[in-house]
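Notes to accompany the following structure.
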Amino acid sequence: MPAALVLINTEIGSESDVMNALSKIDGVKEIYEVYGMYDIVVKVEAETHEALRELVINKIRRIPQVRGTTTMIVIEQRVISK
Amino acid sequence: MPAALVLINTEIGSESDVMNALSKIDGVKEIYEVYGMYDIVVKVEAETHEALRELVINKIRRIPQVRGTTTMIVIEQRVISK
Amino acid sequence: MPAALVLINTEIGSESDVMNALSKIDGVKEIYEVYGMYDIVVKVEAETHEALRELVINKIRRIPQVRGTTTMIVIEQRVISK
Amino acid sequence: MPAALVLINTEIGSESDVMNALSKIDGVKEIYEVYGMYDIVVKVEAETHEALRELVINKIRRIPQVRGTTTMIVIEQRVISK
Amino acid sequence: MPAALVLINTEIGSESDVMNALSKIDGVKEIYEVYGMYDIVVKVEAETHEALRELVINKIRRIPQVRGTTTMIVIEQRVISK
Amino acid sequence: MPAALVLINTEIGSESDVMNALSKIDGVKEIYEVYGMYDIVVKVEAETHEALRELVINKIRRIPQVRGTTTMIVIEQRVISK
Amino acid sequence: MPAALVLINTEIGSESDVMNALSKIDGVKEIYEVYGMYDIVVKVEAETHEALRELVINKIRRIPQVRGTTTMIVIEQRVISK
Amino acid sequence: MPAALVLINTEIGSESDVMNALSKIDGVKEIYEVYGMYDIVVKVEAETHEALRELVINKIRRIPQVRGTTTMIVIEQRVISK
């Protein structure tokens, strides 16, 4: 299933609002508020590459307090459960 | 529990070797091979901040084909299960 | 013929508007919407270096929703047709 | 058809060697030597996303004088012919 | 005690205002106006990781003329007095 | 004599206005409009390090259409005249 | 007194060796091991700008496991003691 | 006359060697050792764009201790003599 990690910079002071908005978007699977060059990282999944584009460009990037995004398409993922 | 996302650049051509090495390290929870400025992203967790440092500095960064890392400490995380 | 690749960041949500505006500018030869640190990449060509400057500075950068550009002047190009 | 733009840094002094090697790889469609933060930009296409990964990770990144790559997956492309 | 270095970009022309605002925030220990990619660097300390987050996200980032921050969590520090 | 190179990003479309404003500031010795990650590069000189700060922070950065600056302090310079 | 903050990347795995070497250099006042794009940050001071150059270029950058440095000259500093 | 500013990173410890090598290359007009993300900045000029490429790619980048370069082609320059 197509997946991506999206690195997000938010308007200063609206980190929590953006996290709340993200949590309501279908396809957003994990949300991380982080320290560093980016403010929030999300993992997203979609049925098709077209749906993934729709999710990133028309849903996540349209959250009003999102100032910029850098999307890294996932080639392969492994979840470790031990 | 202290957690971090670690953005990794590997020696060219050794992406799979690094992913295999990462999958054997305790505390590494998710591994993503990605397109973009970084080659691999991992999510790590540890019991304490000292253990997290040990994991990032003395385990992940010591994998021979790891060329550089940028670590983003997680402030808050939400996993969506719907 | 002088050519350049222009990496473009757009206002959030106006990717399609910018692509439409770009497609109407003389000298814009290829337009790519991409994932990553930039939103759109265009290949441009002009008869002279003066015309190339005009194209980049006074046409592309003046599209209202263009927020920033990074221009890479092409030294040599090869198109493979096989 | 899945496509990507790959920004490449080469070993100093081996720009031409890398361009020659790139021109022999199936799926490499356009090659640009550029001024700026990167040395070479290539446009690649493949039948599937798996083939695209193979092309970028196992062909382009394995050229000996390639020092680093940043891959931008193409969402949409338009070629202007006027 | 949890500590961090925060790299700050300010609105153009408001460097002094931001330094004054920073100097009144509890937990801000050292303030540097610098030349380079960032305008101001501060060292901050807090009793707990929660308090450190509060300090960075809800105090420093909410200063009106702060345009962006990059936070580096301190793993270990040594002050040399000789 | 203290000197610096200042890399400048301008508001889109106001490159020429900023160059004109720069050319009227005492201590600005060379002005370059460039392609790449920055829009304009200037070389500045001042009698003292205090005067250099005044020039960069209170003159150049206060030009209304200057959006951001990165200042590189010159350690040593050589002008070749052959 | 001229001062600078030096952002340091070390050879992978030699963070502690570099911190030890730094702690023996005159003029190095504070040393921070950090998470993020850089591995170590140091604050340095010298009597003159010439001595500061000597310290950064001929002492810190010559530590064998230092791979790269970015130096930010301090314009003004405030230490808060409350 | 085509001109460029070339931002150079050198091997650690060989800044002076690179500056000496640069000063012997025809077309290199100004050389600056700087603090910041780059180690040396040079201004170069050539009779033609082909000669400029030769100068940057085959002369400057082939200096043994040059580790990387970022070239910004000059669109317009003004030298202030007052």
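Read from first to last, the chains carry the letters A, B, C, D, E, F, G and H; within each, the first residue is number 1.
By definition in this document, a contact is a pair of C-beta atoms (placed from the backbone, for glycine too) under 8 Å apart; a residue touches a chain by one contact, two chains touch by 3 or more.
According to UniProt, the chain labels map to these proteins: A, B, C, D, E, F, G, H = AsnC family transcriptional regulator.
None of these values were measured; they are calculated from a predicted model.
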| item | value |
| --- | --- |
| Chain pair among E-H, C-D or E-F whose interface repeats that of B-G, sharing over half of the contact pairs by residue number | E-F |
| Rounded Å distance, chain F centre to chain H centre (Cα mean) | 18 |
| Between chain A and chain F, centroid-to-centroid distance (C-alpha), Å | 38 |
| Intercentroid distance (Cα basis), chain C paired with chain A, Å | 27 |
| Of all residues in chain H, the ones touching two or more other chains | 35-37, 57, 70-73, 75 |
| Chain pairs that touch, as defined at the top of this document | A-B, A-C, A-D, A-E, A-G, B-C, B-D, B-E, B-G, C-D, C-F, C-H, D-F, D-H, E-F, E-G, E-H, F-G, F-H, G-H |
| Chain G residues within the chain B interface of the complex | 9, 12-13, 15, 35-37 |
| Interface residues, chain F side, partner chain G - complex | 2, 49, 53, 57, 73, 75 |
| Sites on chain E touched by chain G in the complex | 3, 5, 19, 23, 26, 28-38, 41, 70-80, 82 |
| Residues of chain A that touch chain C when the two form their complex | 4, 56-57, 61-62, 66-73 |
